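See the structures that follow.
Next come two complexes built around chain A: one with chain B, the other with chain C.
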Partner chain A sequence: MAKHPTPLLDQLESGPWPSFVSDMKHAAEQRHKNPRGTNQQIPEGVIDDLLGLLEMSFEDGTTHWKHGGIVGVFGYGGGVIGRYCDQPDKFPGVAHFHTVRLNQPSGLYYKADYLEELCDLWDMRGSGMTNMHGSTGDIIWLGTTTPQLEEIFYELTHKHNQDLGGSGSNLRTPACCLGMSRCEYACIDAQDICHTFTNEYQDMLHRPQFPYKFKIKVDGCPNGCVCSIARSDFSIIGTWKDDIKIDQAAVKAYVGGEIAPNAGAHAGRDWGKFDIQKEVIDLCPTKCMSYEGGKLAIDTKNCYRCMHCINVMPKALRVGDERGASILVGAKAPILDGAQMSSLLVPFVPAEGSYDEIKEVLESIWDWWMEEGKNRERLGETLKRLGFQKVLEVTGIKPMAQHVKEPRTNPYIFWKEDEVPGGWTRDINDYRKLHQR
Partner chain B sequence: MATVEFKGKTFEVDEDGFLQRFEDWNPDWVEYVKESEGIKELSDEHNKVIEFLQDYYKKNGIAPMVRILSKVTGYKLKHIYELFPSGPGKGACKMAGLPKPTGCV
Partner chain C sequence: MAFVSSGYNPDKPMEGRISDIGPRLYKDFLPPVLEKNYGKWVSHEILEPGLLVHEAESGDKVYTVRVGSARLVSTEYIREACEVAKKYCDGYIRWTTRNNIEFMTTSLESAKALKADLNGRKFDKGSYKFPVGGTGASVSNIVHTQGWIHCHTPATDASGTVKVIMDELFEDFTNMRMPAIVRVAVACCLNMCGACHCSDLAVVGFHRKPPYVDHEYLDNLCEIPLAIASCPTGALKPGKTDLADGKKVNTILVNQERCMYCGNCYTMCPSLPLSDKEGDGVIIMVGGKVSNRISMPKFSKVAVAFIPNEPPRWPTLAKVCKKIISTYAAEANKYERLGDWAERIGWESFFEKCDLEFTHHLIDDFRDPAYFTWRQSTNFKF
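Entry: the complex of A and B
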């Protein structure tokens, strides 16, 4: 049945983990049988040829996709990743093998009807293979031909009310944790923020106008379930300002062993009886907690809101009521000048309503970076090159101790001319009057 | 590589329809490509964008950033998309004969 022998790939069908090879073989067979009589618009053998091409890469240890590829739909400058194989005669099914990015719903909640509609479209106009989801969050459709792109886009937008995601030097598809939908730690409505920002900045998402790519991610709390601090240029992370709420009775229940610590996350191994002193009090990074006389106390002033105690005793400890978000900026992968995580820019910002305070920070950063950023320079690199001080200036944020982990250790300190009495204009002759040569 | 024949001239192109050699560009190329880029009639504004891209490329060896294209031509990005529906990269650069944009696109 299989079009190409795949002895190496076949080995990946054994073992307990779901095998992508088995899935692809099944999908290839379905394309040949075509039980629903789908009017397939790209080669029937696309998956067989993909397996064949992949097997070839397994044999010779090198990729068989040509460099780059520029395809898309009219009106947009991104959304589709063009790809052509470098063995089109041997594997005609993947001569064109473009990837289409679809903007996913915040939190990745779906209805079966909706996914089925999308699958019907993709079975007809693409390979039927997907990536659920790309690292940035998009639904990824793997493999179609250039003539199908506008057809797909027409049906997506007209029949399914579904748009493409981002690619290129633009705002990429924002993503979030599942936030308040089913997490008691969520300090902000991460999904709503993600959705609101996606809609607000559609133009930035579809038409590249930045020096380089720019990503927004929203985490409901510092646990970072969507990794915004490491995977987005603009990281919005929920937090709170007031006291952690303590239910002393529930604390006792944890101590008494009636409730499992960490909601039973370590039940796979015997770690002994829960020891609140050892597992919570002593692990608090600021040592601001105490447990005396059966009563848990937290000195909020010194709490960093690291989430550890709440994570260990979710039924006893809750995030505060005065909630908002921190904004951190600049995360990026190593290329060019080294990996960065985001740096704290705004310690606390309200995150309600239309999120105007957050938008204001974002837009002033864009105004600046679009003007000053070099070609293919991520925001994090612009910050390094021009200095963190600069981003404080353009966002109108006052420097504060929370902006640094530690003060600089070198003395190469720049002053503004107007900060220094007398300024920079000096006459050497005046100096010579007091100091002979 | 595919070759395209148009008005007695031949152009060597890649899969995405970009010219293989900038030196092969001539005004007929624009005529040939415009339809596939969703352009009915070429206006002076189209030509202004194309000429600037070519000048910049000849001087600097790369395509200009979008910001620079906007600044020099005076056209906002929105207008550039009105002129070139597939955008400054796939649309205008292709018509101007510049090499295919690369990187994480």
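Entry: the complex of A and C
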């Protein structure tokens, strides 16, 4: 029997999509039955109260979570977010309901035994409700009380070899696509880069030292499955320099209808016979391809590696062999100065070994941003305010035409003094020798 | 129940403390076939909706069954997913960045059995626990934020809106009949933790009333200069006001005309709450993408300036989402993303075809970039 009636939420139990309400109700029941004999350290009725509080929000159209709250674990400035409800008398189970962020493994692979261990810990010391996963990538644990925080951290680190993720004005937990583990498009080892950078910069991840949040995301190829170009201050995206590898026999098989285009992605509808001219050659944004006499040709010099042809004919075309990463910087969502995409900073960098060249770029950007960034200003906004030239200057990267879509349309150029012969320090008396007052 | 210590000693927090160890090593969690063929994959194919096969240089194959899931899940649900993984996948399991779960196996037969098993698991009121789909030219699972379940600044709920939109688009999750992939996102306020700014279809929670000012508490709770500095439009200034008891207090004065309801001041100062039943609702944005395929990555554009919150099932929102997606599906070319289609036919045609009213709210007036969205040409369609 539910502790609070939830007539509005109950209407989210119908329909085919997995109902979080049904799941929560089942979990609430299991918490009362306690089949595993869990030594529950926070109120048994926590999920009932969470449902009750959410029902109240559905009734009155507003949230019932108070603004923030400073809690955490000793020595860390992130990983735990304080949360208190504004109806603690009605819903005591969720009066204190803090969030814990756990740093996810690269690529979001798990072993069931490990997840079950985490479930045991969270059932004992928290609500049992989670997000798999949060928007930045962490495993999110929703709801525990202050006295449990150190206990949870102790168990995570001592028993499960598991650390917390980032929050606040920290490096946020880096994230990546599944990369080379199961994708033939991966030009770089996205998982290894993500793991290496996460470990290298643990101090930045756990102790706030930035003007605002900073996100790193690693995409294995320009398809961008982890959305680094839109969602990270520092986007590492796999790419290549040489020819796309062509298996002409397989191309013919696509043309002949023996292999379904786009790996079968359009199978749910009759789009007619595959037409390589219409579906590949004509859609190529740089028009660098041709198909004549049963042979596909690609003019590598003019290809900008959008991936369309490879996506359409994955069994015939492969990314090239000279692989590395492009680095783009400054993406963010609209708050405050409007949404920004990442802008290209390094067209190509080898991405092997210890990734020192990438780290060097990252660290020089941090040094500059920590000095110049205003409070709560994302890197992209600092870039907009101070100009792209500044980031070239601090990273020592040479300006090149690849950095822009087009050159400036206004002539308001800021020259550096040493670029102008004789400099800017002049004597008015020299001027007056030639020009009377 | 009685407090159970983990071993942590609050009197000596540094004793035996372990910190900065980072995440678990991903390699320890890779299924053996993936570990063996790491970096050696050559191609893939979607055999049927929700079922993929990847082939390695060695000739090894791995079959993946992808299922949709809520992002908000209980440990009970995770345990059930683990049970399935143990039964069919030697205990290996993975999540995608869009809250899907993937089960991998090396035999097609077992993948088919897995698919049938997953589709057969339902919650007691009938919804699927693990609906198979989300591959290829489909509407994949929605990335989203917390909403009313756990956030302090939302203008709408996230789990609830996602549930009703996915119920509406369910057949497009389990089938591959779209012109291209369709990426949907929901964010419960303008902070857009769910990155709605580059999605084919995005729902964004939105406030429409300037903040309340809790004069009595404000000066005690907030750094007034910090809160004022946080306002992007300069709508806040320091001032004084008289409380009912005649006491004069320092406070913040709001120029309501200038407020764009972004909530940044509330983030800095809890005495400036914005949420309001009538004021709050959602915006619909369309046509964004992050992939570099064919066209460059692009931002989503506002297509509907406001839809009120209608919990529990947001019928207007669900209807408008359905209309946009079905119009796109009927009209766009193969491989054409929603934004590319709208650009090809022209936005004036997009509004007409989708039966959406174009109002003054949709013309950009925020800073310099606004100008570049106005039409400096005689090329337009009647």
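The rule is simple: the second predicted complex is superposed on the first by the 425 of 437 C-alpha atoms of A that agree within 3 Å, B and C clash if a C-alpha of one lies under 4 Å from a C-alpha of the other, contacts with A are read in each partner's own complex, and residues count from 1 in each chain.
Following the convention adopted for this analysis, contacts are C-beta pairs under 8 Å (C-beta built on N, C-alpha and C of every residue); 3 or more make two chains touch, one makes a residue touch a chain.
Keep in mind the model is a prediction, meaning the values are calculated, not measured.
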Which of chain B and chain C A:Glu371 touches, first, second, both or neither: first
First, second, both or neither for A:Gly68, with chain B first and chain C second: both
Partner chain in contact with A:Tyr76 - chain B first, chain C second, else both or neither: both
Touching partner for A:Gly168 - first (chain B), second (chain C), both, neither: first
Partner chain in contact with A:Glu184 - chain B first, chain C second, else both or neither: second
Partner chain(s) touched by A:Gln389 [first = chain B, second = chain C, both, neither]: neither
First (chain B), second (chain C), both or neither touched by A:Pro208: first
Chain B versus chain C, judged by how many residues of chain A each one touches: C
Chain B versus chain C as contact partner of A:Asn34, first or second or both or neither: neither
Intersection of chain A interface sets (partners chain B, chain C): 66-68, 74-76, 203, 375-376
Of chain B, residues touching chain A in the complex: 15-16, 18, 38, 62, 65-67, 77-78, 81, 85-90, 94, 100-105
Footprint of chain B on chain A - complex, ascending: 66-78, 81-82, 84, 96, 167-169, 203, 207-209, 211, 213, 370-371, 375-376
